[in-house]
Amino acid sequence: MAASLLRRLTPSWPLSVSVVAFWMLMTDSFSVGQLLLGLLLGWIVPRFAARLDREYARIGSLRPVPRMLAIVAWDILKSNVIVAVQVLGPEKNIHPGFVWVPLDIQNIHGIAALTSMITLTPGTVSAALTDDRRYLLVHMLDMSSAEAAIAEIKSRYEKPLMEIFP
Amino acid sequence: MIDLIQIALSLLLIVGTTFVLLGAVGMVKLSEFFRRVHAPTKASTLGVGCVLLASVGYHLFLGQDPQPRELLITAFLFITAPISAHLMSKAALALMRDARPVPPEDTEISATVARPRGEERVNRNEERVERGVSGGARSEWWGEE
Amino acid sequence: MTSHLLLWPIVIPLLGGAVSLFLEHRRFSWAARRATAWAFMALLAVAVGRIIGQADTGTIGVYLLGDWPARLGIALMADRLSGWMLGVTLLLGGACLLHACSGWDRRAPHFHAFFQLQLMGLNGAFLTGDIFNLFVFFEVMLSASYGLLISGGRGLRMRSGFHYVAFNVAASALFLIALGLIYGLLGSLNMAELSVRVGQVAPAQAGMVKAAFALLLLVFCAKAALLPLYLWLPETYSRAPAAVAALFAVMTKVGLYAVLRVSTLLLGAQAGALAGFGQQALLWAGAGTLLLGALGVLGAARLRIMIGYVVIWSAATLFIAFALGRVGTIGAGLYYLAHSTFVAAALFMAADLIRRRRGHAEDDKSIVAALPDRALPGAMFLVAAISAAGLPPLSGFLAKAALLSDVPVADTPLVWSVVLLSSLLVIIGISRAGVRLFWRLPAQVAHVEEDHGPGGHLPVARARPNETWATLLLLGLGVGMTLFAAPLMQYTDAAARQLLQPGDYTQQLRETAPAMRTP
Amino acid sequence: MTGHMFIETTIVCCMVAVGIAMLLCLWRLLRGPTVPDRILALDTLSVTAVAELMLLGMHLDSPIYFEAALVIAMLGFSSTVVLCKYVLRRDIVE
Amino acid sequence: MIPVLECLVALPFALSAIVAMLRDGPRTRIAWIAASAPLAGLLILAWATPAILRGEVLQVSYPWLPQLGLNLTLRLDGFAWLFAMLVLAIGALVVMYARYYLSRQDSAVRFLSFLLLFMGSMLGLVVAGNLLLLSMFWELTSISSFLLIGFWSQQKEAREGARMALVITGGGGLALLGGVLLIGRIVGSYELEVVLASGALLRAHPWYPWALMLVLGGVFTKSAQFPLHFWLPHAMAAPTPVSAYLHSATMVKAGVFLLARLHPALAGSELFFYTVSGIGAITLLLGAWHAIFQHDLKGVLAYSTISHLGLITMLFGLSTPMAVVAGVFHILNHAIFKASLFMAAGIVDHEAGTRDIRKLGGLRRLMPFTSALAIIASLSMAGIPLLNGFLSKEMFFAVALDAPDSEPMRIVTGLAALLAGILGVAYSLRFVYETFLGTGPRDLDTTPHEPPRWMKIPVEILVLLCVAVGLAPALTVAPVLDTGARAILGDAMPAYSLAIWHGFNLPLAMSALGVVFGVALYRVLDRVLDLHAINSRPTGRDAFWRNLELLFVFGNRVSEALANNSLQRSLLMLVLAAVVVAGIPAWSEGLPLSLTGNQPLPLLGWMVWLVMMGAALGALRLYRQRLLAVIVLGAAGTMLSLTFVLLSAPDLALTQLLVEMVTLVLLMLAMNYLPDRSTVEPGRLRQWRDGAIAVAAGLGLAILAYAVMTQPADTVAGEILARAQPEGYGRNVVNVILVDFRGFDTFGEITVFAIAALVVHACLRRARMAPEKRIEGGHVQLPVPADLAQILFPLTLTVSIFLFLRGHNAPGGGFIAGLVLAVPLLMQYVIQGVASVESRFGFDYVRCIGVGLVVAVASGLASLLFGVPFLTSGHLDLHLPLIGQVPLASAMGFDTGVYLVVFGGAMLMLSMLGTIKGSRRKDAQRHALDPDARSPQTGGRA
Amino acid sequence: MELALASAIGVLTACGVWLMLRARTFDVILGLTFLSYGTNLLIFAGGRLRPGQPPVLREGKAATLAHYIDPLPQALVLTAIVIAFAMTAVSIVLAMRSRADNRSDHVDAYAAAPEPDDGEQRKDGR
C-alpha cells in the first residue's frame, strides 16, 4: 500500500529521499519552509529527471546496504595503506595485469555499483565492460593473487549487490 | 574537549593530505598509465574525503558556520570518481598498441579492445541521416524553406 | 514621476528581438513576422522622435537605472549627440529592414531577432553614460552583427566572419584592459564622474592614465577603422549581405561616436594634464587613413571592396573633423556622419543589385560582363556615387565645405590638401568603377537579351520593389539632408557646442536625484 | 582564532602539502607521455583543488568556498568525460 | 512678383527630370518638350533685357546654409545675362539639331535629359550670386558633361574621353572649391557682391597667391589651358551636338567666364598678369599649331577651340579694360562661329559617315549649301574681314600691341598675336580646303548629300549671326557687348568703337600679314611635310593615362599590400598599435613603480602561481597538438579559478570553473571538425617577431598592472558595500551589483549570450559537415557511466536550484545556476548519446532563450508600475503561517530571466555543435582513422 | 603578491598574443582565451589585492572597504568572462564552418576551386 503510493508519487523514492536530504544539507538552517521546499523538490526533480532515464532497473532489499558499506569502507582504508607501500616502494615489486571477471549480476545499477567499488578499492581498477555485460575487465596491481581477488570481488561485493539489485 | 577535537581533526587532515600527496606521488612515480591510474583515483579520493570530513568537523565544532555541507561534496566525489576512472581506462585501452587484453569469448567491447579485422561497419553518417536526429533544437520549428 | 523615455530605445528592440524568436514558426506567416518587426520599428521611431525633440531643446536627459545615483549604478543620458546618433540609426535601420524584407530575412535564420538586437546594441551604446556599460552594448551590437553577417552565409563569408569576430574579440580584450586600468586608477565607471576625476589626476599617475586612455581611444579607432586598424574592414563588409552591409555603415560610426564622446567629455578642456590628449595623433592618423582609404578606392578590384574603402575614407574624414575639436568642425562632422552613413548604405544596396545582375562576373570591375536593365541601378549608383564623392549638389559637398571652412589656420595646409586630394582620388576611383560596370559592356551584348547572363543559365536578377524603395529611401534621405541642411546643421552645431561644454553634462547628472533613494 | 593555533598550523602545512600535490600534477600534465596520462593529471588536479578549497575554507573559517568545491566535485569529471570520449570516438556526442 | 530667376534656373532641371521619365516616343515631341526649357528661358531673358540694358542687376537670395555662408543667391547682371543668352540660344539650336542628328539606336530621352541637366547647371553657374553656389554648379557641369561625353558608352574612346574630362575638370573643381573657401575666409562672405567689392582686401592678403592659384586651377582645367588642355580633343568622342554645345560655346567657356566674373576681385597683380596671360599665350599658340595637324574634323575644331580659349584667357590676363572688352567679345563670337562649325562637321559626319579629312574633300559639289555655311564660319574663325571673328581678333591685336608693363612685353605679346593669327588662318584653311574644296571624297560608303532641312537651320541661324555681327556690329552686338563688359569693368569701361573699318593701322596690317603668312604656311606644310602622313601624337593623353594607370596600380598595390585579407596582419597591427600607444605616454611620463607596495605572497600562492604559469607555458609548447593544448588549457583555467578563490572572489572562481568546463566541451566538439594538429608554420623569423611582440605586450601590461595595483585606490565601492544590504537586500555584494547596481550590464550580458547562442544555431542549423577524420567502429557503449550520470542528474538539478535561490546572499546566482544545470545535461548527451537524450528530453532551447529575455525585461519593467526606474529592486518579506518568513526580492525575477537565457543558450550551443548532420558528399574531410593505429602520445594518427 | 599577479597577467597575455598571431583558427581561439584570462586578471587587479576578504557580508563586520575587497571589479570580470565565453563559442563555430567551406583551417583559407552549387566561393581577385 505504502509502496504503491510512493511509486505513484515519484518514479524513484530513493532518489526523492536523496534530493530532500541534499536540500536539507545544503540550506543554511533548518526551517519548516525549507523542509517544505525540499519535499517539493523531492517530488518534482525526480519526475523531471526521470525523463532522462534510459533503462529501468529494479531495487530489491536494502537490508544488506549498511553491512556492505562498512565492508567497502574498511576495504578502502585497509588496502590504501597497502597501495601506499607499493607506490612508495620500488616499482619492481609491482606485477600488474588485466583480468576478465565474469559477472553474474545483470541489474545495471548493480553493475555500476560493482564497478565503482572495484575502482574505489585499491589494487583494482575496472577498465571496461563487455557490450553484453557478461565480463568486466579489471586492471590489478598485483597479479600474483588474481584468482583470489576475483573470488573476493564476487563474494564480498557482487553477492550482496545482487540482493540489493536483483 | 576543544583540544581533543583539534588533535583528532589534525590527524584526519594529516592522513587525508598524506593520501592526496601519495596519490600525486604515485601518479608521478609509476611507469605506465594503468599503474598510475591506481594512485590518484583512490588515494586522492580517499584523501579528499578525509579532508572533507575534517572540514565538517571543523565547521561544526570550531567554526562560525556549523553546517555539514561538505558531506555533499564527498557524495559527489564518490559518484564521479569511478566515472572518470572508467572512462580514462577505456581511453587508455583504446590507445594501447600492444598487450591489449583480448575478450574471453565471442563477446565484444566497442572501440577499446582488439577486434577481428575486415568487418564491414555501417557508415556512421548514413546511419545518422537515416536515424533522422530530431527533437530538441532541431524540431520542426525552423524547418522551413 | 520619472520619465522613462530614455529606456525605450533599448527595451523596445530587445522585446522585438525576443518576440521575433517566438514567431519563428511556420504557424506564423512571413507577413505577420515582418509586421511585428515593423511594429517595433514604429514604436522605436516614436521613442527616438521624442528623445530628439527633448534633446533639441538643449535638455540633457538623465535616467538613473535601478534608481541608483549615477556614481553607483548606471545612468542613461541623452544629449543632442545621442539624439542625433539615435536618429541616424533609426533611419538607416528602417531602410535596411525594408531592404531585408525583400527576401533576405527568409534566408537568414533569426534575421529579425539579430536585427532588432543590433538596434538595441547601437541605441544602448549611444545612450549609456557609463563606460563599462558602453563596452557591454558594444558587445551586444557586435555579436548581433556577427549573426547578421554570418547567418545564411557560407564559404568565404565564413572566413571573413572569422576575421571579423577574431579581430573584434581582440579589440574587446583591449577595451577591457583599458577599462580595468581606468577603474583601477580613477575608481569610477560613470563617464561624467570620470570627467571630473580625470582633472584631478596626480602628476605621478598621469602617464598611466594616459596609457589607459590611449588604449581606450585605440579600441574605438579599431572599431572605426582608423589607420592601421582598418585592414579587416573592406573584405568583411564586401562579404556581407546587402542589407547587413548597409546596416554596417553605422558600425564604424559607433567607434567615432565613442571617440568624440571620450575626447570631449573625458579629455576636454577640464581634463587638466590630459586635456586634448591624443587629438594631434588622431588628426595625423586620420589624414593618413584618408589618403590610404582613397588609394583603396582607386585600387579595389571589386565594387563592394571599393565601397568598404569609401566607408573607411569617410570615417577618416570624421576623425579629422572630430580631432580638430571645434564647434564648426564637429558640427559639420556630425552632419557628414549622417550623410556618409546613408550614402554608404545606399551604395552597398546598389552594389548588390549590380552584382546580382552581372551573374558570374559579380561585382568584379576587371571582368567585362553584361549588365541588363541598367537604368535603375545606374541612376541609383550615380546619385549615390556623386553624394559619396562629395560632389555637389548633395549633402556630401555641403558637409565637406562646412568642414573645410572651419579648419583652424594652422591645420589648414594639411587638412585641406589631404581632403581635397583624396576627394579627387575618390572621384577618379568611383568614376572608373562606374564606367567599368555600366559602360564597358561586352561588344555583342550591348543590348542584351534580358533573361540570360553570360553563362546562359543565370536568370537576370530583377530588382525587388522593396530593395529599390529602400535604396531610394536612403538616397532621398541624402536629398532631404541637402534641402534641410540649415536646420540640421544648426542642430549639429548646437550638439557640438554642448559637447564642448562637458560641465553641463556632469552637472546635469549630478543634479538628477533618484526617485526615492537618497542621492 | 588563537584558541585553534594547533589546528591552524596543521591546516597551513596541509595547504602546502596539497600545493605540492598540485605541482606534481603539473609535472605529469606537462610530461605526459600519453594522452590518458595528461587527462589523469587534469582530473587529479581538480580533485586536489577540492581539498585545497576545503582547507582554505577552514583556514579563513568561511563557508563561501563550499560552492566552488561542490561544483568541482560535481562537475569536474565532465572535462575528463569529454576528453576521454574524444579519444575514443573523436565525436563526443554521438 | 514672379520668381523669374528661380524659374530660369529651375526650368532645365525640371524638364530634364520630365524628359527622363518619358518613354522613348516620337522624337519631335520629345525634342519640343526639351526645347521648351531654353525657349522659355529665352523669353524670361527677353523680359529682363530692358532692365539689364539699363544697367540694373536682378538679384534674389534665399538662405540655404547660412552658417556656412551658402545662400541660394541668383544674380543676373549684364555679363550673366550675356552668357545666359548664349547658353540658352545655342542650347535651343542644339536641341533642334540633335533631334535629327541622333540615330535610331540612341536614346533621345537619355540624351536630351542629360543635355538639359547640363543646361541647367550652366545657367546656374552663370547666374549664381554666391561663390559656393557657383562652385556647386561648376561641378555639376563636370558631372553632366561626363555623362554626355560618355553617351556612346559602348565606344572605348567615349568612355576614356568622359573619364579624362571628369578627372581633370572635377579635380579643377576641387581646386576651385579650395580657392572659393579661401576667398570666403579672407573676405568673410561668399556673396559675389561682397567678393567683387573686396578686390583690394583680397590682393593685399597673404593668402592671395594661394587663393588665386586654386581658383586658376579650376579655370584652367575647365577652359582646357596648357598643360591640361588635352582632355578637350578626347571629349570629341561625344556626339557632335554635345561638342557644339559644351566644347565650343558653353562649358569650356565656364573657365573664362569665371575668370571674367572674378576679374574685379582677383586681377590687378603681377602674379595674375604673368600667370594668366602667359598660360593663355602658350595655349593659344600650342592649340593653333596642333590644330593644323589634325585629321579629324572635330579634332581640328577642338584644338582650334583650345587656341581660342587661350586667346580669351590671355586677354583677361592682360587685364586692361580694352582687353576685357575684347575678351567678352571674343567669347561671344567664338561661341557663334564654333558652334556652327561643329554642327557643320556633324552634318558632314552624318552624311559622309566619316570625319577624316583625308577621306573627305570636294563636298561643295555634293552638299553645296552646307559647304557654304561651313566656309563662312571657317572664315570667321580665321578672322577674315566682314565676319564677326575678324572684329574681335582685330581688337585682340590692338590689345596685344598695347599690353601693359613694358616695351619688350609688348613685342612679345604682339608677336604671339601675329603668330596666332597666322596659325589660325592655316588651320582654317586646311579645314575648309581639304573638306569642302579640293579633290575627293575618297573611299566613302555612302554618297553625301544635303541633310534634312531642319538640321541645317541651326547652322544657318548661327552663320547668319556671324555675318550680321561682322557687317553691322554696332547695330547688332554693340549693346549686348557693352552691357556684358560693363558688368565686369564697371566704371573702368573704356571707350571703343565697333566699326569694321578703323583705317590703316597696325592691327589691320597684322591681320593682313596673318592671312598671307597663314596661307603660305599651309601650302608649305602641305608640300614639304605631307600633312596627311603626319600622325600627331596627342600631347598629354598618353602621359595622362599612363599616370592614371600607375595611380591605379599604386592604389591597388598599396591597399593590397596593407590589407591583404590576412587576419594575422590585422591582429599584429592591433597589438603593435596597442603597445605603441600605451607605451609612449607610459615611457615618456614615467610610471610610479616601487617594490614597497608589494604584499608578501604566501607559499601556497607561489605554488598556484607556478602551476598556472607552467600550464600557460605548457600550452605554448604543446599548442600544435591540439588535444594536449586543450588539456593544458583546462589546467590553466582551473588554476585561474583557484587564483580567484585565493584573492577573495568566490563568484568569479565559480563562474570561471563552469565557463572553463563548457569551453572545454565546445573545443572538443569542434575538434571533431578541425584538424587535430597545427602544421608547422614557415618562417622562423616570423615566429621570433611574434614572440618579441608578445613579450612586449605581456611585459607592458604586467608593468602597467603592477603600477596600478601599487597605487592607492579611490573608488565608489565603499558606498556600494554600505548600501548593498539595506537597499539591495543581498549579502553577496557581487551578486547585488550584478542584478541591482549594475543590473543593466547583466541585461546586456545575457543578451550577448543569447545572441551568441542564436549565432551558433543559425550557423549550424542547416549545415552539413564531414568530420575531419572518421574512426571506424560503432557507438561506444557506456552503460556504467550512464547509470551513474543518471543518478547524478537529479542531484545536480537540486544543486542548481539551490545555487540559484541562494545567489543573492552567497556565491551563486542565475548565471552559475544555469550552467550548473547545463553541464550535467550535456554530460547526458555525451554519455547517453543525442538520440537517447533528445527523444526523451525534447526541449526548445530557442524559445527558452526568448522566454528568458522576456522574463528579464518584464521583471525590470515591473518597477515602472511603481513609478521608479527600470530594474529598481523591491523587497517583500512574506510572513506565512507555519513556514515563517519568506524573503522575496524582485531581483529574483531578473535572475530567473538570466537563468533561463544561460541554460537555454548553453544548451543550444552545445546541442547544435553535438548534432551536426553529416555531409552527403563525403564521410570525412581527411580519411578514416584506424582505431588500432593511433598514437598514444597524441590520440591522433601514429 | 602584486608582483606575482602582475607577472601572471604578463605571461598569460604574452601567451595569448603569441597564439593569437598563429595561422590556424584553433590556435587563434586558444590565444584569445588566454588573452581573456590575462584581461580578466587585470580588471580584477584594478580593485587591488585583498586575500581572505571576499565581498560577502558577514554579521559583525562593518560593510566597509576595510573589511571587504572592492566588489565592483569582480562584477565587471564576471560580465567579461561571460562575454568572452559567448565570443569563443561564436568563433569556434565560425572556425568549423570556415574549415568545412574553405577546405582549410588556415585563418586566411579560401577555396581553391568553387563548390558546384556555391555562388559564394570564387577565386579571389588577388
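All chains are identified by letter, namely A, B, C, D, E and F, in their written order; residue positions are counted from 1 within each chain.
Convention: a residue touches a chain if its C-beta (ideal position, glycine included) is under 8 Å from a C-beta of that chain, and two chains touch if they have at least 3 such contacts.
These numbers come from a predicted model, not from an experiment.
Counting steps between touching chains, the shortest path from chain A to chain B takes 1.
Between the contact lists of chain D and chain F, the overlap consists of E. Set side by side, the interfaces B-E and A-E show unequal numbers of C-beta pairs in contact, with more at B-E. The most distant chain from chain E, with centres taken as the mean of CA atoms, is A.
The most distant chain from chain C is A, comparing centres defined as mean Cα coordinates. Centrality by Cα centroid goes to chain C.
Chain D and chain E have centres, each the mean of its CA atoms, that are 60 Å apart.
Centroid to centroid, with C-alpha atoms defining each point, chain A and chain D lie 23 Å apart. Among the residues of chain D, those touching two or more other chains are numbered 20, 22, 25, 34-36, 39, 41, 62-64, 70, 74, 76-77, 81, 83, 85, 87-89, 91.
For chain E, residues that reach two or more other chains under the stated contact definition are 560, 565-567, 571, 575, 630, 646, 650, 671, 701, 708-709, 713, 715-717, 720, 741-742, 745, 749, 752, 755-756, 759, 761, 763, 765, 770, 772, 774-775, 777, 779-781, 784-785, 788, 791-792, 795, 799, 810-811, 834, 837, 841, 846-847, 911, 913, 915, 919, 936, 939. Shown for chain F are the residues that touch two or more other chains, namely 20, 25, 28-29, 40, 42, 44-48, 52, 54, 56, 58, 72, 76, 79, 83-84, 86-87, 90, 94-95, 97, 107-108. Per the touch definition, chain B reaches chain A in the complex via residues 19, 22, 25-26, 29-32, 34-35, 37-39, 41-43, 45-46, 67-69, 71-72, 75, 78-79, 81-82, 85-86, 89-90, 92-93, 101, 103-104, 107-110, 112-113.
Interface residues of chain B facing chain E in the complex, by the touch rule stated above, are 72, 75-76, 79-80, 82-83, 86-87, 90, 92, 94-97, 110-112, 114-115, 121-126, 128-129, 131, 133-139, 141-142.
Listing the residues of chain E that touch chain F in their complex gives 560, 565-568, 571-572, 575, 595, 597-602, 605-606, 609, 612-613, 616-617, 619-620, 623, 626, 629-630, 633, 636-637, 640, 643-644, 646-652, 655-656, 659, 662-663, 666-667, 670-671, 673-675, 678-679, 681, 690-691, 693-695, 697-699, 701-703, 705-706, 708-710, 713, 715-718, 720-722, 724-725, 731-734, 737-738, 741-742, 745-746, 749, 752-753, 755-757, 759-760, 763-764, 767, 769-770, 772, 809-811, 815, 905, 909, 913, 919, 925. Across the interface of their complex, chain A is touched by residues 781, 783-784, 786-788, 790-791, 793-795, 797-799, 801-802, 828, 832, 836-837, 840-841, 880, 882-886 of chain E.
Against chain F, in their complex, chain D makes its touches with residues 60, 62, 64.
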